[in-house]
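Reviewing the structure listed below.
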Amino acid sequence: MTNSTTPMSPSPRNPDFLLTWDKSLDDLRRILDLTFRLQALHDQGRSLNVFTSGLAISLFRDQSTRTRFSFASAASALGLTVADLDEKKSQLAHGETVRETATMISFLTEVIGIRDDLYLGAGHSYMVEVARALDQAVAEGVLPRRPALINLQCDLDHPTQTLSDLAHLVHTFGSVEALRGKKIAMTWAYSPSYGKPLSVPQGIIALMTRLGMDVHLAHPPGYDLVPDIVRRAREQAQASGGGFTLSHDLNAAFREADVVYPKSWAPYHIMEQRTELLKAGDTAGLEELEQAALQENARHTDWECTDEKLALTRGGEALYLHCLPADITGVSCDRGEVSASVFDRYRTRLYRQARYKPFVIAAMILAGRFADPLALVQDLADNAPPRYRKETRS
Amino acid sequence: MTNSTTPMSPSPRNPDFLLTWDKSLDDLRRILDLTFRLQALHDQGRSLNVFTSGLAISLFRDQSTRTRFSFASAASALGLTVADLDEKKSQLAHGETVRETATMISFLTEVIGIRDDLYLGAGHSYMVEVARALDQAVAEGVLPRRPALINLQCDLDHPTQTLSDLAHLVHTFGSVEALRGKKIAMTWAYSPSYGKPLSVPQGIIALMTRLGMDVHLAHPPGYDLVPDIVRRAREQAQASGGGFTLSHDLNAAFREADVVYPKSWAPYHIMEQRTELLKAGDTAGLEELEQAALQENARHTDWECTDEKLALTRGGEALYLHCLPADITGVSCDRGEVSASVFDRYRTRLYRQARYKPFVIAAMILAGRFADPLALVQDLADNAPPRYRKETRS
Amino acid sequence: MTNSTTPMSPSPRNPDFLLTWDKSLDDLRRILDLTFRLQALHDQGRSLNVFTSGLAISLFRDQSTRTRFSFASAASALGLTVADLDEKKSQLAHGETVRETATMISFLTEVIGIRDDLYLGAGHSYMVEVARALDQAVAEGVLPRRPALINLQCDLDHPTQTLSDLAHLVHTFGSVEALRGKKIAMTWAYSPSYGKPLSVPQGIIALMTRLGMDVHLAHPPGYDLVPDIVRRAREQAQASGGGFTLSHDLNAAFREADVVYPKSWAPYHIMEQRTELLKAGDTAGLEELEQAALQENARHTDWECTDEKLALTRGGEALYLHCLPADITGVSCDRGEVSASVFDRYRTRLYRQARYKPFVIAAMILAGRFADPLALVQDLADNAPPRYRKETRS
């Protein structure tokens, strides 16, 4: 009996979702498909309980409300119990400690979600270390099955966000195919805060270039992303028949764009310095760096998504994206990433964009833990009970 | 299939429970009825699972053990997953931030419980803001269904407490009708601490005057409650045929009372000053205010519920109420709200009074999320499985 | 219907697991038996859901990752909702406060797990106080049923750990009977940290002497355990036909041992002083004591479990035990409890030793809450559904 119901263990496939570029286009399409189906079933009031027990562990090395609730929502929907691994001290744990902790918390665990985007060069490599520890524990017979590992944001990529963004684009434009040739402007935007991660812009250019989109990355001089990922985006665009343009010209990026994604981030070289200073515990140096970075930011307050800028886009009506929360001029700050007028016009659509995330995470869990997640979801559609106990008519 | 099982969305009725005076007497009787039925089913070892998944979010802006566990107990009993929204920084968030956060955490959420009683004029208005954000998100199609919002204590009312108190009174006196004409003394009591919320005394006078009780509010001069609520109590008493008397005389309030509820609170005008100082971040001013308030308190140590005072009540045996924890003379403090002798005699009954709260919260959730919660609970009574797996006889 | 499914309440038996020496050997064998069965069912992908709702409360007065996750795992596996009672302030609560809090959090609670090992003379007595409060609340009709109380580590014993250790020994040597006459060396080991609890060595000598093992306790002069427990170990060894030897000679303890358990702990008299200083809030005194203790520790760096020491054991291949995390020389510290070479060789077995803990806790919950837990688990084996929703073949 258990044969047909036990997830593969050890897995012939990679059960983790760490980077979109580790996954085939088929893998990504499967996640998208699962996302839409799970959301539809949920909206119909159907139960998505696939597990009857088990832990879904979240490890946040950075504050987070939205992603935390998305993870908790996905876990609850699937029947898992959320347990937070609270690592307040943002230690750069390595080696034995990581291996042991990863094993010790995983005996009855189905999925581990990690957010670790504070240190450039550290977040993704930490997740890989955890993944290897779990592989080893399965190989040595210590873990009866392999929990899936999900990247809830690292220094390189933010796949639960970019796949939510993609779901939103597919919903808006009709299909993945319809995105081919569409122009998306991934642009830096001014923010009065500093140290925002690079994972969203990197994730967007690394994902959308694979789908044949015409990706325009624009930022002020010095606000570079991790070079390897920019190179990857360029190569992928060539392979997919899409485009990739890098400039320092916001207007050029917006011109005739179908989609715009103006968002602040810290320059790569600043994040590198910040990582070194954090490792060294150099508080004075960090303070100095922050001041210098904010001063540099302040030279680019014109990188704001206003009605005037949007007018440059296709028909003046490009789809405006943001991962939220946005720095809204006159609302959450004096001067920010986007004008209140633009934000207001797109608010409802931004909320819908965000609403995919719990279902993207649920899809990643199913894809990581089951051999045929689509069949599983089809079975939910055919046979799952309603999520609520029946009310008798009154 | 989903038609008969999906809760109403958007709701024709108000799904929230923010203030008892927003609710009809029928609404309140329904909550009471559900409370008793849910408690009886639970005591019989029956499952109350009505949901198979979904979040129950709690947001506590003030420390709380009892209400937190009551909320968690209710959520667990109904099949929901508790998730805490930790807003350590007691920021007075407004506008866009509230709207966005309320929406972002609610995609798979069935109920949100909020405790926000630190700032006079802020707690209830914050909840209303959240409720409007949720309404709007449903209206715009962002949320597929409207989570219920439950007031776990605000600056005006504490309905989960006062309905537990009411359940206890109904259990003691036999029925809601039996409370008509009964005298209840809601009195201030001395405490060596300061800044206790006004929500309990306000909630009690605003609720019991509607039920035809003869409500006597007594406190030392200066310890006024929010004037609007006192006025409401007076008017309601007139409408219901009950009574409302305000005095500065503890003995008069206790004399021939059937029920006494002696409890400390901070004067309204002190809470107003405190709110201003907190907003201004004036630490020195807050310290000064606290000292002045404690000095004022210390002039009224004779407002203690002793055997001598209780002897004044009907047959010397009025029912003693407290929302717990009480400041007990010689136990939790040198001099407090109640003597150890009185507290000891009523302890078991006080614990029973407190035991209604998880079921009151569960009742509010069902009333907020289902069109016919009584039919639902009847179905639980008829068909729900035991809460425990069956033991085979040994 | 509820008769056959409701756990006994009030219980004719003791529903708590506080100390192994409160339990009969039959009780302990039952826990072991349940542990192995639950683990086997879980590994087969079977559901262990015995509850449909209810709280499992954890109260940790000391930091803990492993035990916290073991408790959460057990609760989730059985269908309970974990709720943390966060008592950050390590107050030594007593009397009314303990009674009231224990009752207030228990209305819908099935199990309470407590870790309280900071104060010598306080942890176990606190748990007894909680147990009495719960008994009283049941007797007075305030609680409809008695939650089980589980010691997750106190100042005297650490039963979830030592029963995991025992499960590991039984798995290794074949049966409880096979342990009779086997030599186990419970020895102090050097650590660069200070203040480690005494509960593991005390728990081991108090448990293994009952099973006829030949227990050798060895530590440097001054590193005594609680005298009562040493006396108990000696008496039990005599009664069971086992042995108990106390020495200050690591080599003698290791010689021809079948099992070695080298682990650091603080001297009993240091823990007593520490408790006094903590109670007095004497920060300077605590700092001074720590320095003195570390200096004393540093005189015994040769108490390290090396290959050379292990060579003294039976065939040079004694089973090495540790409760983890271990202080590993050259890995987690410069000089520690065990060499990297020894640790590496036993790592997989150490992880397996740790893996019993969630199932030991689940077994304790079932034994505490059900009259015939073995019949219950047999019913799970016969009838419980798979833990995962069925995948249709693809």
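Letters A, B and C mark the chains in the order given here, with residues in each chain numbered from 1 onward.
As a working rule, a residue touches a chain if its C-beta (ideal position, glycine included) is under 8 Å from a C-beta of that chain, and two chains touch if they have at least 3 such contacts.
Just so you know, these numbers come straight off a predicted model, no measurement behind them.
In terms of which chains touch, the assembly is arranged so that all chains touch all other chains. Where chain A touches chain B, under half of the residue numbers in use are shared by the two copies, so each contributes mostly different positions. Here the spacing of chain A and chain B, counted between their Cα centres, is 40 Å.
Among the residues of chain B, those in touch with two or more other chains are 49, 81. Residues of chain A touching chain B in their complex: 42-49, 65-66, 69-70, 72-79, 81-82, 324-325, 328, 331-332, 348, 351-352, 354-355, 358, 385-394.
Contact residues on chain A toward chain C in their complex (touch as defined above): 1-2, 4-7, 49-55, 57, 80-81, 83, 85, 95-97, 100-101, 103-105, 107-109, 137, 140-142, 144, 369-372, 374-376, 378-380.
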